[in-house]
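Look for subunit A in each of the two complexes below; its partner is subunit B in the first and subunit C in the second.
== the complex of A and B ==
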(Lines of atoms letter the chains of each structure in order from A and count residues from 1; the text may use other names and numbers.)
(Lines give C-alpha, C1' and ligand atoms only; values in the text may rest on other atoms or scores of the structure.)
Protein backbone atom coordinates (compact mmCIF):
# COMPACT_ATOMS: atom_id res chain seq x y z
CA UNK A 1 0.00 0.00 0.00
CA UNK A 2 3.02 2.25 0.38
CA UNK A 3 3.38 2.93 -3.31
CA UNK A 4 -0.34 3.37 -3.71
CA UNK A 5 -0.38 6.18 -1.14
CA UNK A 6 2.78 7.59 -2.60
CA UNK A 7 1.46 7.72 -6.14
CA UNK A 8 -1.81 9.19 -4.94
CA UNK A 9 0.16 12.17 -3.69
CA UNK A 10 1.57 12.60 -7.17
CA UNK A 11 -1.84 13.00 -8.82
CA UNK A 12 -1.84 16.08 -11.03
CA UNK A 13 1.86 15.92 -11.64
CA UNK A 14 3.71 15.10 -14.81
CA UNK A 15 5.15 11.58 -14.87
CA UNK A 16 6.60 9.22 -17.44
CA UNK A 17 5.35 5.67 -17.34
CA UNK A 18 7.61 3.10 -18.95
CA UNK A 19 5.94 -0.17 -19.85
CA UNK A 20 7.51 -3.60 -19.99
CA UNK A 21 7.11 -3.52 -23.77
CA UNK A 22 9.43 -0.45 -23.82
CA UNK A 23 6.67 1.99 -24.65
CA UNK A 24 7.09 5.13 -22.57
CA UNK A 25 4.21 7.51 -22.10
CA UNK A 26 4.45 10.93 -20.54
CA UNK A 27 1.42 12.58 -19.11
CA UNK A 28 -0.35 14.10 -16.15
CA UNK A 29 -1.14 11.52 -13.51
CA UNK A 30 -4.93 11.53 -13.32
CA UNK A 31 -5.46 8.66 -10.89
CA UNK A 32 -4.00 5.49 -9.52
CA UNK A 33 -5.65 2.55 -7.77
CA UNK A 34 -4.49 -0.10 -5.33
CA UNK A 35 -3.16 -2.30 -8.14
CA UNK A 36 -1.15 0.66 -9.40
CA UNK A 37 -3.26 0.86 -12.50
CA UNK A 38 -2.50 4.31 -13.82
CA UNK A 39 -4.65 6.81 -15.69
CA UNK A 40 -2.78 9.51 -17.56
CA UNK A 41 -4.07 12.67 -19.18
CA UNK A 42 -2.54 14.93 -21.81
CA UNK A 43 -0.39 12.03 -22.82
CA UNK A 44 2.35 11.91 -25.35
CA UNK A 45 4.53 9.03 -26.39
CA UNK A 46 8.19 9.57 -25.69
CA UNK A 47 9.49 7.56 -28.64
CA UNK A 48 7.04 8.74 -31.27
CA UNK A 49 8.83 7.15 -34.20
CA UNK A 50 8.36 3.71 -32.76
CA UNK A 51 4.74 4.13 -31.73
CA UNK A 52 3.23 6.65 -34.14
CA UNK A 53 -0.36 5.53 -33.59
CA UNK A 54 -0.24 6.36 -29.91
CA UNK A 55 0.47 9.98 -30.76
CA UNK A 56 -3.10 11.09 -30.85
CA UNK A 57 -4.23 9.58 -27.61
CA UNK A 58 -5.05 12.20 -25.01
CA UNK A 59 -5.68 10.02 -22.03
CA UNK A 60 -5.07 6.39 -21.39
CA UNK A 61 -5.39 3.68 -18.81
CA UNK A 62 -2.35 1.55 -18.11
CA UNK A 63 -2.58 -1.78 -16.35
CA UNK A 64 -0.39 -1.75 -13.26
CA UNK A 65 1.19 -5.10 -13.98
CA UNK A 66 2.70 -3.93 -17.27
CA UNK A 67 4.46 -0.93 -15.78
CA UNK A 68 8.21 -1.24 -15.50
CA UNK A 69 9.15 2.21 -14.23
CA UNK A 70 7.45 5.43 -13.31
CA UNK A 71 9.70 8.42 -13.69
CA UNK A 72 8.77 11.01 -11.11
CA UNK A 73 9.17 14.75 -11.07
CA UNK A 74 12.12 15.53 -8.76
CA UNK A 75 10.02 18.00 -6.81
CA UNK A 76 7.49 15.24 -6.16
CA UNK A 77 9.98 13.17 -4.20
CA UNK A 78 9.97 13.98 -0.51
CA UNK A 79 12.86 11.91 0.78
CA UNK A 80 12.08 12.41 4.46
CA UNK A 81 8.48 11.31 3.98
CA UNK A 82 9.56 8.26 1.98
CA UNK A 83 12.11 7.32 4.62
CA UNK A 84 9.47 7.33 7.31
CA UNK A 85 6.95 5.48 5.18
CA UNK A 86 9.35 2.74 4.17
CA UNK A 87 10.45 2.24 7.78
CA UNK A 88 6.84 1.91 8.86
CA UNK A 89 6.17 -0.52 6.03
CA UNK A 90 9.23 -2.61 6.94
CA UNK A 91 8.01 -2.84 10.52
CA UNK A 92 4.77 -4.19 9.15
CA UNK A 93 2.77 -1.24 10.46
CA UNK B 1 -6.35 -19.56 -19.79
CA UNK B 2 -3.68 -18.02 -21.95
CA UNK B 3 -2.98 -14.43 -22.66
CA UNK B 4 -3.86 -12.64 -25.83
CA UNK B 5 -6.75 -12.72 -28.26
CA UNK B 6 -8.71 -15.93 -28.74
CA UNK B 7 -10.88 -16.84 -31.68
CA UNK B 8 -14.30 -17.99 -30.63
CA UNK B 9 -17.50 -19.24 -32.18
CA UNK B 10 -20.85 -19.42 -30.54
CA UNK B 11 -24.44 -19.89 -31.48
CA UNK B 12 -26.02 -16.84 -29.94
CA UNK B 13 -25.14 -14.76 -26.95
CA UNK B 14 -21.75 -15.47 -25.44
CA UNK B 15 -21.78 -17.94 -22.56
CA UNK B 16 -20.51 -16.37 -19.37
CA UNK B 17 -18.94 -18.11 -16.41
CA UNK B 18 -21.68 -16.85 -14.12
CA UNK B 19 -20.92 -19.53 -11.54
CA UNK B 20 -17.64 -17.81 -10.89
CA UNK B 21 -19.18 -14.38 -10.82
CA UNK B 22 -18.73 -13.25 -14.40
CA UNK B 23 -21.35 -10.64 -15.27
CA UNK B 24 -22.24 -8.77 -18.39
CA UNK B 25 -21.40 -5.09 -18.00
CA UNK B 26 -22.31 -3.71 -21.38
CA UNK B 27 -23.55 -4.74 -24.80
CA UNK B 28 -22.69 -2.41 -27.64
CA UNK B 29 -24.12 -3.14 -31.06
CA UNK B 30 -22.60 -1.85 -34.27
CA UNK B 31 -18.92 -2.22 -33.46
CA UNK B 32 -16.15 -3.04 -35.93
CA UNK B 33 -12.95 -4.65 -34.77
CA UNK B 34 -9.41 -4.34 -36.11
CA UNK B 35 -6.74 -6.73 -34.88
CA UNK B 36 -3.15 -5.63 -35.25
CA UNK B 37 -2.63 -4.17 -38.70
CA UNK B 38 -5.46 -6.11 -40.24
CA UNK B 39 -8.31 -4.26 -41.90
CA UNK B 40 -11.39 -3.75 -39.73
CA UNK B 41 -13.94 -6.53 -39.66
CA UNK B 42 -17.54 -5.44 -39.68
CA UNK B 43 -19.95 -5.42 -38.14
CA UNK B 44 -20.41 -7.02 -34.82
CA UNK B 45 -21.60 -6.71 -31.28
CA UNK B 46 -19.34 -6.00 -28.35
CA UNK B 47 -19.96 -7.73 -25.04
CA UNK B 48 -18.03 -6.40 -22.09
CA UNK B 49 -18.09 -8.66 -19.06
CA UNK B 50 -16.45 -8.36 -15.68
CA UNK B 51 -13.72 -10.63 -17.00
CA UNK B 52 -13.32 -10.26 -20.74
CA UNK B 53 -14.15 -8.41 -23.91
CA UNK B 54 -16.02 -10.42 -26.52
CA UNK B 55 -16.70 -9.35 -30.06
CA UNK B 56 -19.04 -11.41 -32.19
CA UNK B 57 -19.64 -10.86 -35.86
CA UNK B 58 -23.22 -10.19 -36.89
CA UNK B 59 -22.59 -11.72 -40.29
CA UNK B 60 -22.44 -15.44 -39.61
CA UNK B 61 -25.14 -17.70 -38.32
CA UNK B 62 -22.64 -19.46 -36.12
CA UNK B 63 -21.24 -16.26 -34.83
CA UNK B 64 -17.53 -15.95 -35.26
CA UNK B 65 -15.58 -13.60 -33.10
CA UNK B 66 -12.82 -12.87 -30.68
CA UNK B 67 -12.39 -12.73 -26.97
CA UNK B 68 -9.69 -11.23 -24.82
CA UNK B 69 -9.40 -11.26 -21.05
CA UNK B 70 -8.98 -8.01 -19.19
CA UNK B 71 -5.87 -9.62 -17.74
CA UNK B 72 -4.36 -9.37 -21.22
CA UNK B 73 -5.26 -5.75 -21.88
CA UNK B 74 -2.17 -3.76 -20.97
CA UNK B 75 -3.42 -0.39 -21.96
CA UNK B 76 -6.49 1.22 -23.42
CA UNK B 77 -7.19 4.68 -24.74
CA UNK B 78 -9.58 6.62 -26.91
CA UNK B 79 -8.04 7.44 -30.28
CA UNK B 80 -9.65 10.30 -32.17
CA UNK B 81 -6.84 11.73 -34.25
CA UNK B 82 -7.41 10.79 -37.92
CA UNK B 83 -3.65 10.84 -38.47
CA UNK B 84 -3.22 7.94 -36.09
CA UNK B 85 -6.22 5.96 -37.24
CA UNK B 86 -8.82 7.08 -39.77
CA UNK B 87 -11.80 6.28 -37.57
CA UNK B 88 -12.27 7.17 -33.90
CA UNK B 89 -11.78 4.02 -31.87
CA UNK B 90 -10.95 2.49 -28.54
CA UNK B 91 -7.33 1.50 -28.88
CA UNK B 92 -5.98 -1.38 -26.78
CA UNK B 93 -2.63 -3.04 -26.37
CA UNK B 94 -2.67 -6.78 -25.79
CA UNK B 95 -0.23 -8.75 -23.70
CA UNK B 96 0.48 -12.12 -25.32
CA UNK B 97 2.28 -15.30 -24.41
CA UNK B 98 4.33 -15.05 -27.57
CA UNK B 99 7.81 -13.61 -27.44
CA UNK B 100 8.80 -10.37 -29.05
CA UNK B 101 9.63 -12.21 -32.26
CA UNK B 102 7.93 -10.13 -34.93
CA UNK B 103 9.92 -11.60 -37.79
CA UNK B 104 8.18 -14.93 -38.08
CA UNK B 105 5.86 -14.09 -40.92
CA UNK B 106 2.78 -16.18 -40.46
CA UNK B 107 0.23 -13.52 -41.15
CA UNK B 108 -1.07 -15.21 -44.31
CA UNK B 109 -2.00 -18.50 -42.76
CA UNK B 110 -5.70 -17.99 -43.29
CA UNK B 111 -5.73 -20.67 -45.98
CA UNK B 112 -6.49 -23.49 -43.59
CA UNK B 113 -8.74 -21.20 -41.58
CA UNK B 114 -6.70 -21.50 -38.44
CA UNK B 115 -5.73 -18.01 -37.45
CA UNK B 116 -2.62 -17.32 -35.49
CA UNK B 117 -3.65 -14.64 -33.06
CA UNK B 118 -0.67 -15.01 -30.76
CA UNK B 119 1.11 -12.12 -32.44
CA UNK B 120 -1.82 -9.72 -32.14
CA UNK B 121 -0.64 -6.98 -29.81
CA UNK B 122 -3.13 -4.30 -30.69
CA UNK B 123 -6.88 -4.28 -30.96
CA UNK B 124 -9.10 -1.42 -32.06
CA UNK B 125 -12.79 -1.33 -31.34
CA UNK B 126 -14.64 1.00 -33.63
CA UNK B 127 -18.21 1.80 -32.61
CA UNK B 128 -20.45 3.17 -35.33
CA UNK B 129 -21.47 5.79 -32.80
CA UNK B 130 -18.23 7.52 -31.70
CA UNK B 131 -20.03 9.27 -28.85
CA UNK B 132 -19.96 5.91 -27.05
CA UNK B 133 -16.17 5.93 -26.85
CA UNK B 134 -15.83 7.75 -23.57
CA UNK B 135 -18.25 5.51 -21.73
CA UNK B 136 -16.62 2.43 -23.24
CA UNK B 137 -13.30 3.75 -21.99
CA UNK B 138 -14.70 4.12 -18.49
CA UNK B 139 -16.15 0.61 -18.49
CA UNK B 140 -12.79 -0.76 -19.56
CA UNK B 141 -11.22 1.09 -16.61
CA UNK B 142 -13.75 -0.34 -14.18
CA UNK B 143 -13.31 -3.86 -15.48
CA UNK B 144 -9.53 -3.65 -15.48
CA UNK B 145 -9.73 -2.84 -11.82
CA UNK B 146 -11.88 -5.93 -11.26
CA UNK B 147 -9.11 -8.07 -12.72
CA UNK B 148 -5.88 -7.66 -10.81
CA UNK B 149 -3.04 -10.05 -11.46
CA UNK B 150 -3.61 -13.51 -10.01
CA UNK B 151 -1.71 -13.54 -6.69
CA UNK B 152 1.79 -13.73 -8.02
CA UNK B 153 4.32 -14.46 -5.31
CA UNK B 154 2.10 -15.97 -2.71
CA UNK B 155 3.05 -19.03 -0.73
CA UNK B 156 1.15 -21.78 -2.50
CA UNK B 157 0.48 -23.94 0.53
CA UNK B 158 -1.70 -21.34 2.13
CA UNK B 159 -4.27 -21.41 -0.63
CA UNK B 160 -6.34 -24.12 1.00
CA UNK B 161 -6.74 -22.04 4.10
CA UNK B 162 -7.43 -18.92 2.20
CA UNK B 163 -10.02 -20.46 0.02
CA UNK B 164 -11.86 -22.24 2.78
CA UNK B 165 -12.11 -19.08 4.81
CA UNK B 166 -13.03 -17.22 1.69
CA UNK B 167 -15.71 -19.75 1.00
CA UNK B 168 -17.29 -19.18 4.39
CA UNK B 169 -17.61 -15.56 3.49
CA UNK B 170 -19.26 -16.49 0.23
CA UNK B 171 -21.70 -18.79 1.97
CA UNK B 172 -22.61 -16.03 4.32
CA UNK B 173 -23.20 -13.71 1.42
CA UNK B 174 -25.33 -16.30 -0.26
CA UNK B 175 -27.57 -16.53 2.74
CA UNK B 176 -28.03 -12.85 2.60
CA UNK B 177 -28.92 -13.12 -1.05
CA UNK B 178 -26.04 -11.18 -2.54
CA UNK B 179 -24.52 -14.01 -4.50
CA UNK B 180 -26.54 -16.60 -6.38
CA UNK B 181 -26.27 -20.08 -4.95
CA UNK B 182 -23.40 -21.99 -6.41
CA UNK B 183 -23.28 -25.71 -5.68
CA UNK B 184 -19.84 -26.10 -7.25
CA UNK B 185 -18.09 -23.92 -4.73
CA UNK B 186 -17.19 -26.50 -2.17
CA UNK B 187 -14.98 -25.67 0.72
CA UNK B 188 -11.32 -25.65 -0.10
CA UNK B 189 -11.84 -25.79 -3.81
CA UNK B 190 -9.53 -23.45 -5.58
CA UNK B 191 -11.21 -22.09 -8.65
CA UNK B 192 -8.50 -19.66 -9.61
CA UNK B 193 -10.84 -16.74 -9.52
CA UNK B 194 -9.14 -13.74 -8.03
CA UNK B 195 -11.43 -10.80 -8.16
CA UNK B 196 -11.01 -7.63 -6.23
CA UNK B 197 -12.93 -8.68 -3.14
CA UNK B 198 -11.12 -11.98 -2.84
CA UNK B 199 -7.70 -10.47 -3.11
CA UNK B 200 -8.48 -8.01 -0.39
CA UNK B 201 -9.96 -10.76 1.71
CA UNK B 202 -6.88 -12.90 1.28
CA UNK B 203 -4.66 -10.14 2.49
CA UNK B 204 -6.75 -9.61 5.57
CA UNK B 205 -6.91 -13.28 6.33
CA UNK B 206 -3.17 -13.58 5.95
CA UNK B 207 -2.67 -10.81 8.42
CA UNK B 208 -4.95 -12.37 10.98
CA UNK B 209 -3.31 -15.72 10.67
CA UNK B 210 0.08 -14.28 11.35
CA UNK B 211 -1.17 -12.26 14.26
CA UNK B 212 -2.81 -15.27 15.84
CA UNK B 213 0.31 -17.35 15.47
CA UNK B 214 2.33 -14.73 17.26
CA UNK B 215 -0.19 -14.39 20.03
CA UNK B 216 -0.22 -18.10 20.67
CA UNK B 217 3.53 -18.08 20.94
CA UNK B 218 3.38 -15.15 23.26
CA UNK B 219 0.86 -16.90 25.46
CA UNK B 220 2.99 -20.00 25.68
CA UNK B 221 5.98 -17.94 26.59
CA UNK B 222 3.92 -16.21 29.23
CA UNK B 223 2.83 -19.44 30.93
CA UNK B 224 6.31 -20.84 30.94
CA UNK B 225 7.92 -17.88 32.60
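== the complex of A and C ==
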Protein backbone atom coordinates (compact mmCIF):
# COMPACT_ATOMS: atom_id res chain seq x y z
CA UNK A 1 0.00 0.00 0.00
CA UNK A 2 2.97 2.28 0.66
CA UNK A 3 4.02 2.62 -2.95
CA UNK A 4 0.41 2.97 -4.08
CA UNK A 5 0.07 6.05 -1.84
CA UNK A 6 3.49 7.23 -2.91
CA UNK A 7 2.60 7.12 -6.61
CA UNK A 8 -0.77 8.76 -5.94
CA UNK A 9 1.12 11.77 -4.58
CA UNK A 10 3.10 11.94 -7.83
CA UNK A 11 0.00 12.34 -10.03
CA UNK A 12 0.48 15.28 -12.41
CA UNK A 13 4.29 14.93 -12.48
CA UNK A 14 6.36 14.05 -15.52
CA UNK A 15 7.78 10.52 -15.23
CA UNK A 16 9.57 7.99 -17.43
CA UNK A 17 8.38 4.40 -17.18
CA UNK A 18 10.83 1.75 -18.36
CA UNK A 19 9.21 -1.57 -19.24
CA UNK A 20 10.55 -5.11 -19.08
CA UNK A 21 10.75 -5.15 -22.89
CA UNK A 22 13.25 -2.21 -22.74
CA UNK A 23 10.67 0.27 -24.07
CA UNK A 24 10.79 3.57 -22.12
CA UNK A 25 7.73 5.83 -22.17
CA UNK A 26 7.75 9.40 -20.88
CA UNK A 27 4.56 11.24 -19.95
CA UNK A 28 2.49 12.95 -17.26
CA UNK A 29 1.30 10.58 -14.54
CA UNK A 30 -2.50 10.56 -14.76
CA UNK A 31 -3.40 7.83 -12.29
CA UNK A 32 -2.28 4.67 -10.56
CA UNK A 33 -4.20 1.78 -8.95
CA UNK A 34 -3.66 -0.96 -6.38
CA UNK A 35 -1.80 -3.17 -8.89
CA UNK A 36 0.47 -0.19 -9.70
CA UNK A 37 -0.99 -0.09 -13.19
CA UNK A 38 -0.12 3.36 -14.52
CA UNK A 39 -1.91 5.73 -16.86
CA UNK A 40 0.21 8.34 -18.66
CA UNK A 41 -0.88 11.37 -20.71
CA UNK A 42 1.01 13.22 -23.47
CA UNK A 43 3.24 10.21 -23.90
CA UNK A 44 6.24 9.83 -26.14
CA UNK A 45 8.59 6.90 -26.43
CA UNK A 46 12.13 7.82 -25.38
CA UNK A 47 13.89 6.38 -28.46
CA UNK A 48 11.29 6.96 -31.21
CA UNK A 49 13.59 5.97 -34.09
CA UNK A 50 14.24 2.58 -32.58
CA UNK A 51 10.67 2.13 -31.30
CA UNK A 52 8.14 3.72 -33.73
CA UNK A 53 5.45 1.29 -32.51
CA UNK A 54 3.56 3.89 -30.47
CA UNK A 55 3.86 6.95 -32.73
CA UNK A 56 0.11 7.56 -32.83
CA UNK A 57 -0.46 7.01 -29.10
CA UNK A 58 -0.73 10.03 -26.79
CA UNK A 59 -2.41 8.46 -23.75
CA UNK A 60 -1.68 5.01 -22.49
CA UNK A 61 -2.30 2.44 -19.80
CA UNK A 62 0.71 0.43 -18.63
CA UNK A 63 0.18 -2.85 -16.81
CA UNK A 64 1.94 -2.80 -13.44
CA UNK A 65 3.40 -6.27 -13.97
CA UNK A 66 5.59 -5.13 -16.91
CA UNK A 67 7.11 -2.05 -15.26
CA UNK A 68 10.86 -2.33 -14.59
CA UNK A 69 11.59 1.22 -13.38
CA UNK A 70 9.73 4.47 -12.85
CA UNK A 71 12.10 7.41 -13.19
CA UNK A 72 10.88 10.31 -11.04
CA UNK A 73 11.59 14.03 -10.95
CA UNK A 74 14.17 14.67 -8.19
CA UNK A 75 11.80 17.05 -6.40
CA UNK A 76 9.22 14.25 -6.24
CA UNK A 77 11.38 12.21 -3.87
CA UNK A 78 11.34 12.87 -0.14
CA UNK A 79 14.03 10.43 0.99
CA UNK A 80 13.52 11.03 4.72
CA UNK A 81 9.81 10.31 4.43
CA UNK A 82 10.41 7.15 2.36
CA UNK A 83 13.07 5.90 4.81
CA UNK A 84 10.67 6.30 7.73
CA UNK A 85 7.74 4.74 5.89
CA UNK A 86 9.67 1.72 4.57
CA UNK A 87 11.24 1.04 7.99
CA UNK A 88 7.84 1.28 9.64
CA UNK A 89 6.41 -1.17 7.11
CA UNK A 90 9.40 -3.54 7.56
CA UNK A 91 8.71 -3.60 11.31
CA UNK A 92 5.17 -4.65 10.50
CA UNK A 93 3.49 -1.59 11.92
CA UNK B 1 -31.60 15.24 -9.66
CA UNK B 2 -29.29 12.35 -8.91
CA UNK B 3 -30.21 10.36 -12.01
CA UNK B 4 -28.83 13.14 -14.24
CA UNK B 5 -25.31 12.17 -13.29
CA UNK B 6 -25.78 8.45 -13.84
CA UNK B 7 -25.00 7.26 -17.32
CA UNK B 8 -24.32 3.53 -17.24
CA UNK B 9 -26.81 0.87 -16.12
CA UNK B 10 -24.53 0.09 -13.16
CA UNK B 11 -24.54 3.74 -12.06
CA UNK B 12 -28.34 3.99 -12.41
CA UNK B 13 -28.76 0.90 -10.25
CA UNK B 14 -26.35 2.33 -7.65
CA UNK B 15 -28.25 5.62 -7.67
CA UNK B 16 -31.54 3.83 -7.14
CA UNK B 17 -30.16 1.88 -4.18
CA UNK B 18 -28.65 5.01 -2.64
CA UNK B 19 -31.69 7.22 -3.09
CA UNK B 20 -33.70 4.58 -1.22
CA UNK B 21 -31.30 5.28 1.66
CA UNK B 22 -31.63 9.04 1.41
CA UNK B 23 -28.36 9.85 -0.38
CA UNK B 24 -28.94 12.77 -2.72
CA UNK B 25 -25.65 13.49 -4.49
CA UNK B 26 -22.85 11.41 -6.00
CA UNK B 27 -20.07 12.73 -8.19
CA UNK B 28 -19.40 9.93 -10.66
CA UNK B 29 -16.49 11.89 -12.09
CA UNK B 30 -14.57 11.70 -8.85
CA UNK B 31 -15.64 8.09 -8.26
CA UNK B 32 -13.96 7.23 -11.53
CA UNK B 33 -10.76 9.04 -10.52
CA UNK B 34 -10.58 7.23 -7.19
CA UNK B 35 -10.97 3.98 -9.10
CA UNK B 36 -7.56 4.61 -10.64
CA UNK B 37 -6.47 3.89 -14.19
CA UNK B 38 -9.32 1.74 -15.41
CA UNK B 39 -10.01 1.33 -19.11
CA UNK B 40 -13.60 2.73 -18.95
CA UNK B 41 -12.64 5.85 -20.84
CA UNK B 42 -11.32 3.78 -23.77
CA UNK B 43 -14.40 1.62 -24.37
CA UNK B 44 -15.61 1.83 -28.00
CA UNK B 45 -12.40 3.64 -28.95
CA UNK B 46 -9.60 2.33 -31.15
CA UNK B 47 -6.70 1.14 -29.04
CA UNK B 48 -3.24 -0.21 -29.71
CA UNK B 49 -2.21 -3.12 -27.51
CA UNK B 50 1.37 -4.27 -27.02
CA UNK B 51 1.54 -7.84 -25.79
CA UNK B 52 4.24 -9.48 -23.70
CA UNK B 53 5.55 -11.38 -26.73
CA UNK B 54 6.07 -8.06 -28.54
CA UNK B 55 3.07 -8.07 -30.85
CA UNK B 56 1.09 -4.94 -31.64
CA UNK B 57 -2.67 -5.42 -32.04
CA UNK B 58 -5.00 -2.57 -32.99
CA UNK B 59 -8.77 -2.75 -32.56
CA UNK B 60 -11.87 -1.32 -30.90
CA UNK B 61 -12.08 -1.95 -27.14
CA UNK B 62 -15.39 -3.65 -26.35
CA UNK B 63 -14.79 -4.83 -22.82
CA UNK B 64 -12.28 -5.43 -20.04
CA UNK B 65 -12.11 -6.65 -16.45
CA UNK B 66 -10.09 -6.36 -13.24
CA UNK B 67 -7.32 -8.61 -14.59
CA UNK B 68 -6.96 -6.44 -17.74
CA UNK B 69 -8.40 -9.21 -19.92
CA UNK B 70 -9.74 -7.31 -22.92
CA UNK B 71 -12.15 -7.84 -25.80
CA UNK B 72 -11.13 -6.26 -29.10
CA UNK B 73 -13.40 -5.94 -32.11
CA UNK B 74 -12.33 -5.49 -35.75
CA UNK B 75 -8.75 -6.05 -34.69
CA UNK B 76 -5.64 -6.38 -36.80
CA UNK B 77 -2.01 -7.04 -36.03
CA UNK B 78 0.71 -4.66 -37.19
CA UNK B 79 3.82 -6.64 -37.99
CA UNK B 80 7.05 -4.62 -37.89
CA UNK B 81 10.14 -5.65 -39.78
CA UNK B 82 13.37 -4.04 -41.00
CA UNK B 83 13.07 -5.52 -44.50
CA UNK B 84 9.70 -4.09 -45.54
CA UNK B 85 7.01 -1.70 -44.32
CA UNK B 86 4.48 -2.58 -41.62
CA UNK B 87 2.22 -5.49 -42.63
CA UNK B 88 -1.36 -5.55 -41.34
CA UNK B 89 -2.95 -8.93 -40.60
CA UNK B 90 -6.71 -9.03 -40.09
CA UNK B 91 -7.65 -10.84 -36.86
CA UNK B 92 -11.31 -9.88 -36.21
CA UNK B 93 -12.85 -10.34 -32.76
CA UNK B 94 -10.18 -11.13 -30.19
CA UNK B 95 -9.95 -11.72 -26.45
CA UNK B 96 -6.52 -11.08 -24.98
CA UNK B 97 -5.69 -12.47 -21.55
CA UNK B 98 -4.51 -9.77 -19.14
CA UNK B 99 -1.34 -11.67 -18.16
CA UNK B 100 -0.17 -11.24 -21.73
CA UNK B 101 -0.73 -7.44 -21.99
CA UNK B 102 2.02 -4.82 -21.56
CA UNK B 103 0.54 -1.55 -22.78
CA UNK B 104 -2.89 -0.36 -23.89
CA UNK B 105 -2.58 2.89 -25.84
CA UNK B 106 -5.38 5.20 -27.00
CA UNK B 107 -4.87 5.46 -30.78
CA UNK B 108 -5.11 9.08 -31.94
CA UNK B 109 -6.99 8.71 -35.25
CA UNK B 110 -5.51 11.92 -36.72
CA UNK B 111 -1.94 11.00 -35.91
CA UNK B 112 -2.54 7.48 -37.17
CA UNK B 113 -4.03 8.71 -40.47
CA UNK B 114 -0.87 10.74 -41.12
CA UNK B 115 1.38 7.77 -40.45
CA UNK B 116 2.72 6.07 -43.58
CA UNK B 117 2.95 2.48 -42.38
CA UNK B 118 4.37 1.25 -45.69
CA UNK B 119 7.51 3.35 -45.08
CA UNK B 120 7.88 2.50 -41.38
CA UNK B 121 10.67 0.04 -40.66
CA UNK B 122 11.72 -1.21 -37.25
CA UNK B 123 12.69 -4.32 -35.38
CA UNK B 124 9.74 -6.06 -33.74
CA UNK B 125 9.48 -5.21 -30.02
CA UNK B 126 11.35 -7.48 -27.68
CA UNK B 127 9.32 -9.87 -25.53
CA UNK B 128 8.86 -9.01 -21.86
CA UNK B 129 11.30 -10.85 -19.60
CA UNK B 130 10.10 -11.02 -15.99
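In this section, the second predicted complex is superposed on the first by the 93 of 93 C-alpha atoms of A that agree within 3 Å, B and C clash if a C-alpha of one lies under 4 Å from a C-alpha of the other, contacts with A are read in each partner's own complex, and residues count from 1 in each chain.
Here is the rule we use: a contact is a pair of C-beta atoms (placed from the backbone, for glycine too) under 8 Å apart; a residue touches a chain by one contact, two chains touch by 3 or more.
Just so we're clear, the structure is a prediction, and the values are computed from it rather than from any experiment.
Trainee: Just to be sure I read the superposition right, which of the two partners does A:58 touch: subunit B = first, subunit C = second, or both, or neither?
Mentor: both
Trainee: Using the touch definition from the top, say if A:50 reaches subunit B (first), subunit C (second), both or neither.
Mentor: second
Trainee: In this superposed model, does subunit C or subunit B come into contact with more residues of subunit A?
Mentor: It is C that touches the greater number of subunit A residues.
Trainee: Pick one for A:30: touches subunit B only (first), subunit C only (second), both, or neither.
Mentor: In the superposition, A:30 touches subunit C alone.
Trainee: Scan A:21 for contacts with subunit B and subunit C and give back first, second, both or neither.
Mentor: both
Trainee: Is there a shared patch on subunit A that both subunit B and subunit C touch, and which residues make it up?
Mentor: Shared contact residues on subunit A: 19, 21, 23, 33, 37, 39, 43, 52-63, 65-66.
Trainee: What residues on subunit A touch subunit B, complex-wise?
Mentor: These residues of subunit A touch subunit B: 19, 21, 23, 33, 35, 37, 39, 43, 52-66.
Trainee: Write out the stretch or stretches of subunit A touching subunit C in their complex.
Mentor: Answer in residue numbers: 19-23, 25, 30-34, 37-39, 43, 50-63, 65-66.
Trainee: Help me check something: in the complex, which residues belonging to subunit C touch subunit A?
Mentor: The touching residues are 33, 35-39, 42, 48, 50, 52, 54, 56, 68, 78, 80, 98-99, 101-108, 111-112, 115, 120, 122-123, 125-130.
Trainee: Inside the complex, what are the residues of subunit B that reach subunit A?
Mentor: 73-81, 83-85, 91, 93, 95, 100, 121-122, 137, 140-141, 144-145, 148-149
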